[in-house]
Each structure stands twice: as structure tokens, then as C-alpha cells.
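The following pair of complexes shares a single chain, chain A, combined with chain B in the former and chain C in the latter.
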Partner chain A sequence: MEQLINANIRITPFQVSVNGRTEYQAENFITFAEFIKPFFKSLNLGYPKFYKMDSLSKLGFMAAELMLRQIDLTRYDNNRVGVVLSNSSSSLDTDLAHQQSIQDRSQYFPSPSVFVYTLPNIMIGEISIRHRLKGENAMLISERFDSRLLFTYVNNLFREKKVDVCLTGWVELLNEQFDAFLMAVEPSTATFSGETSGALPFSPETMDELYKTT
Partner chain B sequence: MEELIEKLKKEVIEQLNLEDISPEDIDTDSPLFGEGLGLDSIDALELIVLLEKNYGLKIEDPKDGKKIFHSIRTMAEYITEHQKA
Partner chain C sequence: MKSVYIASDNIITSLGTTTSANWEALRNGQVGIRNISDPLLYPSPMPLSRVDNDLLEESFQLLLKEYRQEPGASSFTRLEKLFILSVHDAVSGLPIDYRNKRTLFILSTTKGNINLLETNTDPLFPPQRAYLWELARVVTGFFGFSNTPLVISNACISGVIALMTAYRYLKQGLYDQAVVTGGDILSEFVIAGFQSFQSLSPLPCRPFDEHRDGLSLGEGAGTMVLTTAEGKGVGQQVKITGASATNDANHISGPSRTGEELGLSLLNSLQEAGHQAEEISFINAHGTATRFNDEMESKAIAYAGMIQVPVNSFKGYWGHTMGAAGVIESVACVLALKENVLIRTAGFEEPGVPEPIRVITGTEKSEMKSCLKSASGFGGCNASILFEKV
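And then the complex of A and B:
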């Protein structure tokens, strides 16, 4: 059975698009924190834990939040919803913040809430907690967005019948530079529940094309 | 004591990133954990760091934490008592 990309989300400085359509835009050049907070508030989620997350998790969380509004998760078993993400800098942005807090031996106060984010798969954990996802997940590291790597991994999950739907893509953040590109991959039998242009074949070529044009 | 309580409320908000919560929203005697502010185990560790960093107080026995961090008032009482010592 073939899979389809039924929705895609892109978050770049400082624009958010859903299926290629701009959904949110910041007018002036601002920091990531100044960008993500009003964007989060605009969704009225009432989820205070968001403020405690590190920047990478906030970025992935928001991308997933928009994505999971595009597909009807209720038709799936939570144990069979996969999340496979990738990036280049892993959790380096937070690793550096943690390292800075232990740099000075006389002011040695590492923050536990910073330390817990010094692994990139914590981002997947935050998304999974929020949406109660308990399926297969993986955080892959590659130098740049690698459609073939993601395709191979996700395609295998479907082929091995480990997932019924999979959220996959790229969530990169380091030193105020950030880029998130998520796709929802569903079997071709699933009815598209989004508003806009329909599904696209799940292939490295389609992923590259979407990544270039969104 | 009242001055310390107000200071502590501000510090807790800042240290724990309690967005959209002001010092007035925190009841001095209400439990910090559980229903109230929705704090978790990582927040408990952050409060231990707060006491050490801002007041030079190290909690030697983790079992004392439950009593010390019950509320803002119990934290203030612990600080007052141990800073004098």
C-alpha cells in the first residue's frame, strides 16, 4: 500500500505556512523567543508547560500542533502513530546553555530544567505527551534535510506494519536560526481531512520539492 | 517575613518560568505541588537550586524537601531560620 503526504507545515524566520499557505507572520525581525510566544498564544492552547520547554522543543511542538490540526488523529490507535524527526544540530542550542551554566566553578548552578532538554528526542517526548502518541519514534541527525533518510526510515515503519500514520520532517534550531518542515504521512486509503489541495505521493522527490517551495 | 515572601514569589515565578502568573496569584499558604501551580519533579530540583543560589542554603537531606517546599510560607520560614543560624 502506498503512502501519501496529506499535509505539510513550514516554520521559518518569521513565517508559518500550512500546506503552502501563510498562516502566521511576524512583521519585524525579532528573536525566536519573541516570535514563538505570540504564535503560541495565538492558538489559545492553555498549555503552560510550553513555557518551560527549550527552544527546539517549542519549535517542534508548534509545528506538530499545527500539523495535527490537519489530520484526523481520532481514527488512529495512539500506539500506531509514529513520529520520526531529524535535524542537524541535535540539542546543541540547549547543550551550550547548559555548558555556560557550569563554566564558572564559583557559580556552579546547573539548571535541572535546562539539563533535561540536552537530548533532541525530548522534543518528540513533548509532542507525544501533548497528543498522547505512543507509537514508534526516532530522532535522526543528518547534516542537512535528507529526504531519502527520512523516506527510508518511515517507509520501513509502514512496510513492517509498525505505524498507521507518521509525522515526519526536519526541526532544526541553533543560535536563533531555525527551520521546521513537517509532513503527515498516511496510507493512501486515508481520506484527506485538510482544507486545501490534496495529497501528494510520499517519496524523496516530493519531499525535496515541498521543502524547496514551502 | 512578608518582604521575603513577596521576594520569594517573584523568584519562584522567574526560576520556574511560570508564564502568565503574577505574585498575587500565588497563595502564600497553598501547596506548591499538586493542583496549585502544577509543579513537577524538575521544578522541585529548580527550587533546591534557587535556595542554594540565592540564599546559600543547601538541603542536605532530600526528605526535608517535602516540608520545606510545601508552600511559599514554609520556604520563607526555612530561609529565615537557617540564615540566622
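And then the complex of A and C:
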């Protein structure tokens, strides 16, 4: 049984593309916060929890949000939807903020709402809460986007019959540098109901090609 | 599908630097959590399970001599030393060429070298060392492993996910053996964070007890070597036969209200192994001793129809060791199976969870077949893994 990449999302400074088509663009030389907020508002989600998230979770959340407009998850058992993400700097962006809050004993103000985001898999938790995803989940750390790492992990989940569909990709953010690349992987036997017909074979080669060109 | 056996292991905690030292301590009911006064960690004294620094340095010097390796001890962080000592102890003496391409190396940690973010830290280490993949590269570089290390950072279930991943890759024949190591150190960073959540107990933690009031933090490293090799004199007495991860999809810092998602993970692992609930000799729970975690776990065990199965938690001995927990607790479970000993839950006296689970109150000999190890963490993640005797 082989799998297909049925949709892909890319978010970079400062462009958002869905299956290779640019969907949203912002002018250069703005901050991540200035970029993500109007983009979030443009989707009219009515999801105030978004504002409490750290930047990494916001980035992953938005990528997942766009992804789940491309594929129909309602036909899957939510216990069998996998989420496997990766990045390079783990939660360092928020780690630095938490460290800042304890650095100086005279200005010591650690906050639980910051500390909770000092784990990279919190982003998977946020996506899971939003879309009620309860299946296999894992956060992998690699120096660069590593297509083989993700392919092996996700392909193994399908082989082991642990998932029916899986969101996977790279969500990296540190000090205003960010990059999200998300894919929806479904078995080739699933009849695709999304708006595109551009399903691609799920392989490290396809992933590398998509990552280079989107 | 290949069978996946446990070939060797190591545990380093406050209770010792080998599996046997830790096992002896568990058998004798020795608790490693001490009231520690260290202004570098926290302004006031706090119950913590800490690896003795002199012992760590001494052991590392000996190891360096054995490897005749330059550069010296000062070029490794405290956590790197823990990882290197743990991996060394687990792989040395094995009739396996662990440096070849057929060996998978997995490292599990929540915070890695997080203490390098402190401005007063030794400038000897470049900022890059705070990246988890760089930490893993330092460890694999020391031993000369040839594959790029796989790094898992999935909150408090990291260690179980690491073992689960190795099990699945080996089962599918992607590798012949796997070295799985997990570790984390105590840091001001983590202590301040958990303290801000008010989840640290002022006394050594009391899993599942009526009067529990939070967790005790610990540090350490653990390693498990898994192999698919049969009959090569690596003493394959225990194998892994099931594993599963789930997510609550409920709250990022609080567990599920129903426990169904962890319960589902337990059922998935059972089903994969082809077992019934009554065939499980004991459950080694996450058992952190926070009000909500232990409550949720009791519901999960009930949900999975395993209310009759004896349950223990090792957190009362060596605290919550974060990224090491899943690995070191699994190593102790494997030993419990081999030695046919049920280990009592240190700190537990009076039942204090909503479901009447059977918390183990006395360490005793008992004929064992299999054990289910579970873990849950921030981000709503749950995982379980099933070990059984061959």
C-alpha cells in the first residue's frame, strides 16, 4: 500500500501558498506577529485561543488550518489521524523568553502561560485540540528539513496500520526566522475529495521537490 | 515482522550509575529524592532527585581513559556526560557492532542542554549546543555511530515514543538493532517553570495517594539496546510486542477529563500484542503525583478494563526525570519481569484517585509475564508500550 501527498501548505516570510499557489502575501520587513495576525483574521475563525499561543504554535496552527480546508477529515475516525512534525530549534524561541523571565532575581517572573510553550509538541497539542485529532503524534528534531526522516516515520505508521491519514512536515521558528511546510498524506486507495487533483506519490524525492519549489 | 528483544540497558539516577545499582535501590525501597539547597537551581531548599556530581565526574574521567579520547571532559556538558556514560554502559560488552549502518540511534530529551541559555554559563560551549540535534551529534560522535541520530522531543512521553519508534523500525526490518537513550538534567529553567505552575510538591512526591500535592523533579539518563538478532548470546529474555501513542485533543497543560485517550493507547498496545487485560502482570504508570495526572490515569486504567491489574509508579524513588523517564522506567520494568518482583509505589499510603486501581503497596516476589508501561505529558500526549517475557 502506497501513500499520496494530497495537499501541501508552505508559509515563509512573507508568503503563504496552498498546493504551490500563492494565497496570501505581505510586504517585506514586517515582524512575524505583524504578519500572522492579519492572516489569522482573514480566515474569520472566531478562535480566540489563537492569541494565547506562542509564535511556533501560531505558525503550525495556521498551516494546519489551511491544510484542513484542502482535505476532508470527516470521513476518518479521529483516533486514526496522525500528526508528525519536525523542526530544528525545538521551542528555543519561547525558551529564550522563559529564560529572560528568570535571568534576573530582582525581576523574576516566570509565567506558566509561557513555560507551557517551552516544549515543541505543544504545537501538535494546539492543532489536535482545534481539529479534535486524537491519533498517533510525534515531534522530531533535525538540523534541516529531512524528507527521509519524516517519510520513514510516517510510512511506518501506515505500514503498522496505526493511522488512516497523517499530517506531516516542518514547522520551524526562531528569532523572526520561520518556515512551515505541511503535507497531508493519505493512502492511494482513499478517494480524494479536495479541490485539487494534483495528488503526488509520497516519497522523500517528491517531498524534497515540493520543499524546493513551493 | 521481526521480534524485537531487549539486549542490554543502563539507568543513571540519584540512586546509582548502573541498572543493577538502581534495581537494588528499588528493591530495598531506597528513595533518591533529597531536600537540596542549591541557589543555582532554586532560592530555597527543594526535594529533588539529583545525580551526584563528584560521582558523575569521576565516572566520566574513567570512561575517557578507557576510550583514550581527546578532547577531555571539559568539552562535554553535564547532560552529554550523562548520555555518554549511559550509552557506554549499555553497549559495552555486547556482541553487536553498533557502529554499523544497521544500527539506529534514538535520543530522547525534553530540554537538552537548556542550562546553556543561562548567561553565566561557561562560554566554552557554542550556542549551537543548545540545539537538540547538536547534542545528539556530540553523543553519537563520541562513539562513532554512523547513522544520523533520530531525536525525539515530545514532552514527558519522549522516552516511550523513542522506544516505540525503535520497536516499530526494527519490527519492519529497517534496522537490526537500536540504541535508545533518554536524558534530562535539573535546571533553574525547568524548576522555575514547574514552580510557576504550582505543580511541585514541598515533600517527596506521593503517586496515587490521597494526600499527594505535586511532583518531584529528577534527572538522569537511561539507555536500552534493542535487537532483532536471535540466539546470539545477548540474553533475549524480554521482547516488545505492542506500542501506541494518542492525543487528548483537550488541553495543552491539563490531562483529559475522562482518561479515554490514554485508555485507548493501553488498549491499542494490548491489541497489537494480542493480549487480554488479565494477561498483564502489572502496569507501570506515569504516576507523577499531581492531582490531575494520577486521577486521569486511574480513569484510563478503568476505561481499558484493567482495574484488576496491579499498578506502580517509580516517581517516588527518582522523581520525574522528564526525557529520561520513559526509558529508565521501562528498563526497571524489564528487570521486574526478569526478576519476578513487583516494586511497591514509594510515597503511596492511602488511595486517592477516583477509580479503585490496585496500587502496589509492598515489594514482593510474583510470577510475571508482561508489563504495560504508560506515559502522559503536556500537549495532551499519551503513550504506552508492552514488554513481555519470551
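Keep this in mind: the second predicted complex is superposed on the first by the 212 of 214 C-alpha atoms of A that agree within 3 Å, B and C clash if a C-alpha of one lies under 4 Å from a C-alpha of the other, contacts with A are read in each partner's own complex, and residues count from 1 in each chain.
By definition in this document, contacts are C-beta pairs under 8 Å (C-beta built on N, C-alpha and C of every residue); 3 or more make two chains touch, one makes a residue touch a chain.
Computed from a prediction, not measured in an experiment: that's the story for all the values here.
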Q. In the superposed arrangement, does A:Arg21 touch chain B (first), chain C (second), both or neither?
A. neither
So, does A:Val116 touch the first partner chain B, the second partner chain C, both, or neither?
-> both
| Who does A:Leu149 touch here: chain B (first), chain C (second), both, or neither? | second
Comparing chain B and chain C in the superposed model, the one touching more of chain A is C
State whether A:Arg75 touches chain B only (first), chain C only (second), both chains, or neither.
neither
Exercise for the section: Classify the contacts of A:Tyr51 with the two partner chains as first (chain B alone), second (chain C alone), both, or neither. Expected result: first
Ask   = Looking at the overlay, what does A:Ala138 touch: chain B (first), chain C (second), both, or neither?
value = second
Counting only touches as set out at the top, which of chain B and chain C does A:Ile129 meet: first, second, both, neither?
second
Chain A residues where the chain B and chain C footprints coincide 110-112, 116
Within the complex, chain A is touched by chain B residues 16-20, 38, 42-43, 45-46, 49, 52-53
Note: in the complex, chain A contacts chain C through residues 78-79, 83, 88-90, 92, 95-96, 98-99, 101-103, 105, 108, 110-112, 115-116, 118-126, 128-129, 131-143, 146, 149, 152-153, 156, 159-160, 162
As the complex stands, chain C meets chain A at residues 43, 110-112, 114, 117-119, 130-134, 148, 150-155, 161, 165, 168-169, 171-172, 174, 188-189, 192-197, 244-253, 261, 264, 268, 377-381
Counting only contacts in the complex, chain A reaches chain B at residues 48, 51-52, 109-113, 116
